[in-house]
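Structure incoming, see below.
We just call them A, B, C, D, E and F in the order they show up, numbering each chain from 1.
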Amino acid sequence: MAFSLSGIFLLVILCLPFVGSVVAAFLPTYDRDRGALVAGIIALVAILLTLGFFPEISARNVITYTLIWIPELGLNFTLRMDGFAWMFAMMVTGIGFLVVIYARYYMSPEDPVSRFFSFFLGFMGAMLGVVLSGNIIQLALFWELTSLFSFLLISYWYHNANAREGARMALTVTGIGGLCLFAGLILIGHIVGSYDLETVLSSGDMIRSHALYLPALCLILLGALTKSAQFPFHFWLPQAMAAPTPVSAYLHSATMVKAGVFLMARFWPVLAGTDAWFFIVGTAGLATLLIGAYIAIFQNDLKGLLAYSTISHLGLITLLLSFGSPLALVAAVFHILNHATFKASLFMAAGIIDHEAGTRDIRKLNGIIHYMPITATLAMIASAAMAGVPLLNGFLSKEMFFAETILTHRASALDQLTPYFAVLASACSVAYSLRFIHGTFFGKPATDLPKVPHEPPHWMRFPVEILALTCFVVGIIPALTIKPFLTAAIYSILGVNTPAYSLAVWHGLNFPLIMSIVAFLMGCLLYICLRGYLDRQKDSDVAPIIGRIKGRRIFDEMMVALSWRWARSVDSFFSTKSLQPQLRLLVCVAVVAAFLPIWGQGLDFVRPSALVNPVPIVLWLIGGCCAIGAAYYAKIHRMAALILLGGAGIITCITFAWFSAPDLAFTQLLVEIVTTVLILLGLRWLPKKAQQTRSEGRGLVARVKNTRDIIIAGVAGFGLASIAYVVMLRVPPESISQFFLEKSYTEAGGKNVVNVLLVDFRGFDTLGEITVLGIVALTVYALLRRFRPAPESLDVPEQQRIQNAFDDAQPGRQKGDTVIDYLRIPSIVMQLMFPAIIVLAVFLFMRGHDQPGGGFAAGLTMAIAFILQYMAGGTRWVETRLRILPMRWMGIGLLLATCTGAAAWLFGRPFLTTYFSYVDLPFLDKVPAASALLFDLGVYSLVVGATVLILIALAHQSLRASRSGKDT
Amino acid sequence: MEAVIAFAIGILCSSGIWLLLRPRTFEVIIGLSLISYAVNLFMFAMGRLKVGAEPILRSGSIGISWYADPLPQALVLTAIVIGFAMTALFLVVMLASRGFSGTDHVDGKKEED
Amino acid sequence: MRRIFPHPFLSLFLMVLWLFLNQSLSLGHVILGLLVGFIGAIAFAALRPPELRIRNLRAIGTLLVMVLRDIVRSNIAVAKLIVRPNAPGYISGFMTIKLDMKNQYGLAALATIMTSTPGTLWVNFDSSTGNLLIHVLDLVDEETWIKTIKHGYERLLMEIFE
Amino acid sequence: MAGWVHHLIIAPIIIPLVAGALSLIVDGANRKLKGAISLVSTLLLVVVGTILVAAADAPVDEKWSGFVSTYLLGDWPARFGIVLVLDRLSAMMVLMTSLLGLAALIYSFARWYSVGINFFALFQFQLMGLNGAFLTGDLFNLFVFFEVMLAASYGLAMHGSGAPRVKAGLHYIAINLAASSLFLVGVSLIYSVTGSLNMADLANKVASLEPESRVLFEVGASVLGVAFLVKAGMWPLGFWLPKTYSAACAPVAAMFAIMTKVGVYVILRLWMLAFGAGAGESAYFGSSWLLIGGMLTIGFGATAVLASQDLTRLASASIVVSSGTLLAAIGLGTVDVTTGALYYLVSSTFSAGALFLLIELVERGREAGADVLAVTMEAFAEDDDDKVFDDDIGVATPGTIAVLGICFISCALLIAGLPPLSGFIAKFALLKAVFSYGAVITTVSWVFMALLILSGLAALIAMTRAGMRSFWATVGRQVPHVKVIEIMPIMGLLFLCLVMTIRGGSVIGYLHETASALNLPKTYITDVLETPYGKPGKDGGVTQ
Amino acid sequence: MSVLIIFWAVVGAQVLLACAMVIGAYRMLFGPKAQDRVLGLDNLYLNATMLLLTFGIRYSSTHYFEAALVIAMLGFVATAALAKVLMRGEVIE
Amino acid sequence: MIGATDIPLWAAILTAVFVLGGAALSLTGAVGMLTMKSFYQRAHAPTLGSTLGIGFILMASIIFFSVTGTRPAVHEIVIAVFITVTTPVPLLLLVRAALHRDRSQGSPEVPGAITIVNGTVRLIGDKAIVISQEDKVIEKD
């Protein structure tokens, strides 16, 4: 079944328009002939292919074609054509073809028309996708695509604000509906356990009795009602009239808006027949029917009138579907077809009038029949069909509608009232049809039109002719023309429940006919009464009473309020742009997160702590004071804060040394030194005095805020301390460290287990870590190249200015003597220390594997040696003597470390597998020659490079400042 | 002993966080440094405290369990270096920010008078 | 030769430092020490420091003894001042000494010695006049200080470096 | 896995590392060579990533196969040394990173590399950090690669300098430094109770922890979780994200699309491993918080999407939404939800990447501040009911704009989760899974569904607004000059999304396997812990 | 006996050094001037070195000496930098 | 306390004395730093620790390790050398910096105080000023 030839044809029908869309997109921008040709051929081929299916369809076969797509999600690409789908496919392709012909003439030669045809074909494909989907998710997929293409088509003239807004509104409303539909279909799939349409359609009882029926129904109906512009979502359709008329004719009368009713009909067997269905669908349909018809009367714009008329007719179909009776369904499906024919032709006629006369305003248009009699005749036929005049197709389905309204479907007030409302709406429909005909074509021929109207090119009128003819033929001999198709469609929905019905112009003088007559007379009367009023309307086309309630305005304002003002205030209320609140939140969240498990399960914090040597107590009293002092001074005395930070660092360093971590003590100390120099380098560029903002003032608010922060900080610190305390007093678990201690010497050749961890067991960490250092150095360098100091920091520091002035003032002294004298002695010592520190660095490096030290410590030491020279002699002094290329050091270091790691590959071992042996070099002691040493050399090289690069880049800023200082 | 280290961790952490919540970049950088001390000590403490038992293998028949846990030390070492790098970076960014905004406020706010 | 092996004394010192650091006298470490010393000296030379020449080795010994003695002495003196703060008023203050020594290393050594010795602080040296400003903790006898510094240290240092 | 393929596991880390190091050595002015090195490296990464995905997906009995493959760095046994673990998830993330990286890199060749220095090196290090974070099986090593990744991202975020970037960078760095501290606290706390750092080993030990250890372990995991959630941008920890991302230059922002995913990835990985059904009393620890947090994040992100005044903000906010979606999905944690989440993850990463790249092109040639003005005008404009129709002749769309427009629409569809591209499949997969979650549909499912739908709607509204502003602005619009190497990467990423849609079956199949493996961590644990190793001993021999 | 003597001597010395450090910290905290604070830090470094040496004696470990050596050789850099900033407003000119 | 068991009593006592002496000297210096009135006086105090203080402790260490024979006591020498060479550096820099600060604030405490008038520097007086411990200012030539 899946690969039958007809299945392939189905796929072809679906794909053709999309292919055409792409082709059209690449046509020359303004070539309307070729655009129309491509679109026309595609539509024609699609028609023919669809027609070719009719034999099978009339044999009540269902053609399916399945491509396995995402079986895990139950989502297959299934095409399915039954009678109902066939009917719609014919409508989509057939009217599509006619509209293409029409559009060829309608669109101006200056229009970039290939875009139009591309979108048009895209829409056609999407619409075919909707009707041919055999999988409900796939249906939702194409459903949204129709919204998208509709958006693009409405906004075709996007230079026009109305087109933009209309398109946006259509997209928003139908998009929302589409998402709801999507959710509803997922629910249906959940209920049924399959997304296959066939399966779903056969699970009506299961669905209707399921607890999720109501939510699913509501969601699906939201989709359908928005798409078919049903009250209260009808307002988008009139706005969509800003689209080119072919679009209105195609999408907004014949096809897309029909997707909603298509959906309701498609799911009619599984969703209809319940109270909920009746009341929701019925109310919406009835309201739409009435409101649409009523407002249509008062429209001055031809397309506006037609749009509201469309709304009303869709309401009629919806109302019919709500009844839940098979005959009502027949009527609904029949009316879908009829409405498509007469409304498409009317839109095209309106377009012709607009095209030829230059306006669509009924008040301006008069006596057009004198200018274009054929078009006028055609339009009148279609209007008559719209009004439900006998011998035209509209009459037939309206009669069926009346017949259904009389019957009782669900005993309720709504049900009781439908016949009266139906007549009323029908009367309105007669009235606006009359207005359309009389107001436009009759009366004194207008002379003040923008253009002098005349008949359009024949082929432009041709589609209207075809459709008007169809109205006639169907209206007169329905049983011969439309019944087979209609029955096939109905059968595919109702199956064996398909009712017997007769299609004939004359059923005798029955109640529906009486209703029709009443409606007709009422309509004529209404038009006559309102005529004066309608002609007097000046600028607005507002319908009395309810016209003031503009759905569009409400929607617009709601959108602006919800999606803009409201969103912005919510957004700004629930977020912050400042750093402090963010950090505060982070701390609080972390504290709460850490507290939750403890709160749930409890933790015993009362444990005896072994004491005790008074020295650590004293040390940490100092350390604590330093920390608090640093916190206290950080704002008012930066230097003091930095010094105190250093104090806390030393105490930490001693603590490490004390508790058996010499490597940590080394590194901590070295980092401490470098950090101090670093921050001092930075201090130069900060404002001299901490600037005080008002918000930091001393008021009560500030005090409360400070207290809050102190509490947060205190709680966090206390929490961390408590956890540390608990852990320290627990028996340690069996740890992987045992392994390291055991294997460090025997298998990695190092006695300093920490170092072996760094370069061997966990050498990969180290590789990453030096990369971090390298990256940071690069970033620092890059940032400083673009550094723009604040203007007030640009001057040389105050001290130097005074000292220079002093030197100037003193006889026998030159500017700069002070600093030379100042540094004379220290620089000698610092220079002398240079080689000594280098020796220390080599020492620390060489012994790292067995004793505290290693590449880091050595690298930092080496960097300090360089920094010291910069301090002693200044940047220029050093750089005329030493040429350091930190970037190279870094690159080489990284490569060396990496290559050492990669060398293991040569031996078929994983990255970083180290090799070592004790080599007895001549004269040297037994030297462990571990490849890890090379790795460590890489570490060393990078650390030197990165540290020097960071510090020197920062130091160079002073040169920049002094340069620019000289310029001024 | 443990109580002292716990105290140390707590006080460093509290001071650091308090500074972290201040509006001046310099306060923040000092705060970050203090926090990194606290965290380093915390990590170190997670290996338990031992005196005079450096994880540097000695000859003789000293049992494995005698040594201090080397792993947290290695981790802290890595953390110290990364912390240093980040301090440097933050410093420079804070200078750059001050250069652009003309203020040392973390949000680059000009002082309102 | 001086380009390749610029500061032999320094190299030697560095080698000793290397051996001390490694606590080893093995031949291998001596070789490594030489190498390190060589590298260190080259690094030092790269800085183009003022010329370092030691002319009188014996004076160094004398100087060391003298410094050691003075350090012990002044340690005691200063410790006393600190422990008994209410002792009859000592006077601290600045004083100026005119130095004749021009050698950088000599000056550095003098500064180091004076600063290391409790009781005296090297404050400022004006190269244009040769005036040295020092701060003395117990300025009872200014002349004694001048004598110690000018005739003790400065003379010895000039012997060594100039 | 055998032979050279096995060593390929580490290639995603080593290749960019070497490339980065090489470009440090290359002379600063020779940017072409640096660019070439970078390009070669990234192309290699794509190749390697593809091979790794194939290897991870190969059936168990084939030559180089297996669900999990463990690379023992330094040839130390798995529990003790650092291991890299290749499974479907990590392979997929690596491939994704490489593809996104390639797109961003090619894009940057047009001009972005030159607005600052060392772009290529930083970029390569960024890739290295990302790949490392995805591949590592060691908790502390994860920290290190996080730092590599973050450090590079700091540099890249401020690439080109300038006030907004630096200001955003300052916040970004400060917050991430604080988060990194939390990371360290968490890791060390976990080590202190388990004595291990290997993720598989940890997962193995969770179930048998005695009560007090369990509490401490959970405290550690919570703190760790907070650190990851900062990276993932969860509300209220993610306010740094929009500012940083929108300040960064286009290729960097595109690359950042994956940064939040790292946080998500790690949470997914660790939580599935350690707090899966087999975790004894700790089973599903914190999952409800993830769910709640994730949902709040979706809500917040969707609001931010609506509230965004410009496209970059919008894109950043959409990243927040995707993060929230993923976190909530992890909180639910069934195989099906995870499958959907993974699909969503890939799709949203590519689309966000494409969007970030695209925005810069779209905004090019528009006046600065036009957005704000346009938005304000729109919000406060008087009723324009009475505007007369202009003439009915359309405006031709220049080819460039057309291409940009198509790309933009594709991005919008992807981000809003509308058909027909992969965003739709992702939402569908998630929703379907959420409804299959448990016998009865719970409030949680409803809320999640509503949030997913509403966030899509918000994206639709905002993208429409922004797109109309950008493409249909009648004034002040010049056709931007767009190079082919700028548009190609965008189309490439979108093409990937298209492929993910069309080949949805195999993609979902792969992800389903991935999710199943995640939900059954036992395989992962035994595979990692029982990896055979051979270590050359003292004399070069092999000891076992 | 010897053990006890040395033990107590070292502990005593450590207490004395710790007290000295308290004073150093006092100067760091309360100045009154910036130079006093730097002086305090310098003193803290010095006492830390000595403290490490006493550890070395107590635990007979050479590592403390190495740590002390590193402080001896490099500890002055930080305080020198601080002092230079007081004088010149810049560390490196 | 590995190794300390086999140390002879005299060595132990000597070590103890040196250790305590060094620490005591250091403390004394610190006390001086606390109690002395002016900065220049306080700057003298720490040198107690940096010379004899640390010297004593190093001496103790040398004795201890030489007697126990655990290791050659050479690190102590290196430490001594470098402490001697490096500790004066910050002190030198610091005292001069203090002088500058006091001078530019026009402090009468130091010689050569300056004042800044219209951007040019004027000397207040070029005389050395001596301060007694009783805070009496005595002018000298």
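Following the convention adopted for this analysis, contacts are C-beta pairs under 8 Å (C-beta built on N, C-alpha and C of every residue); 3 or more make two chains touch, one makes a residue touch a chain.
Source: prediction; values computed, not measured.
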item: Pair joined by the larger number of C-beta contacts - A-F, E-F; value: E-F
item: Chain of greatest Cα-centre distance to chain E; value: A
item: Central chain (by mean CA position); value: D
item: Distance from the mean Cα position of chain B to that of chain A, given in whole angstrom; value: 40
item: Euclidean distance of C-alpha centroids - chain B vs chain F, Å; value: 31
item: Centre-to-centre distance between chain D and chain A (centres being mean Cα positions), rounded to whole Å; value: 16
item: For chain D paired with chain F, centre-to-centre distance based on mean C-alpha positions, whole Å; value: 58
item: Multi-chain contact residues (two or more partners), chain D; value: 140, 144, 147, 151, 154, 158, 161-162, 166, 170-171, 174, 178, 185, 189, 191-192, 197
item: In chain A, residues with contacts to at least two other chains; value: 577, 579, 583, 587, 613, 642, 658, 662, 683, 720, 727, 732, 735-737, 740, 762, 765, 769, 772, 776, 779, 783, 786, 799, 803, 822, 825-826, 829-830, 832-833, 836, 840, 851-852
item: Residues within chain C bordering two or more other chains; value: 17, 21, 23, 111-112, 122, 124
item: List of chain E residues in touch with chain A within their complex; value: 11, 14-15, 18-19, 21-22, 24-25, 28-29, 31, 34, 37-38, 40-41, 44-45, 48, 51-52, 55, 63-64, 66-67, 69-71, 73-75, 77-78, 80-82, 84-93
item: Contacting residues of chain F [partner chain A, same complex]; value: 82, 85-86, 88-89, 92-93, 96, 100, 104, 114, 116, 119-123
item: Chain A partner contacts - residues on chain B that touch it in the complex; value: 1-31, 33-34, 37-38, 40-42, 44-58, 64-65, 67-71, 73-74, 76-78, 80-89, 91-96, 98-100, 102-107, 109, 111-113
item: Residue ranges of chain A touching chain E (in the complex, touch as defined); value: 613-615, 618-619, 621-622, 625-626, 629, 637, 639-640, 642-644, 646-647, 650, 653-654, 657-658, 662, 665-666, 669-670, 672-673, 676-677, 680-681, 683-684, 796-800, 803, 819, 822, 826, 830, 833, 836-837, 840, 851-853, 861, 864, 867-868, 870-871, 874-875, 951, 955, 958
item: Touching residues on chain A, where the partner in the complex is chain F; value: 799, 802-803, 805-806, 808-809, 822, 825-826, 829-830, 832-833, 836
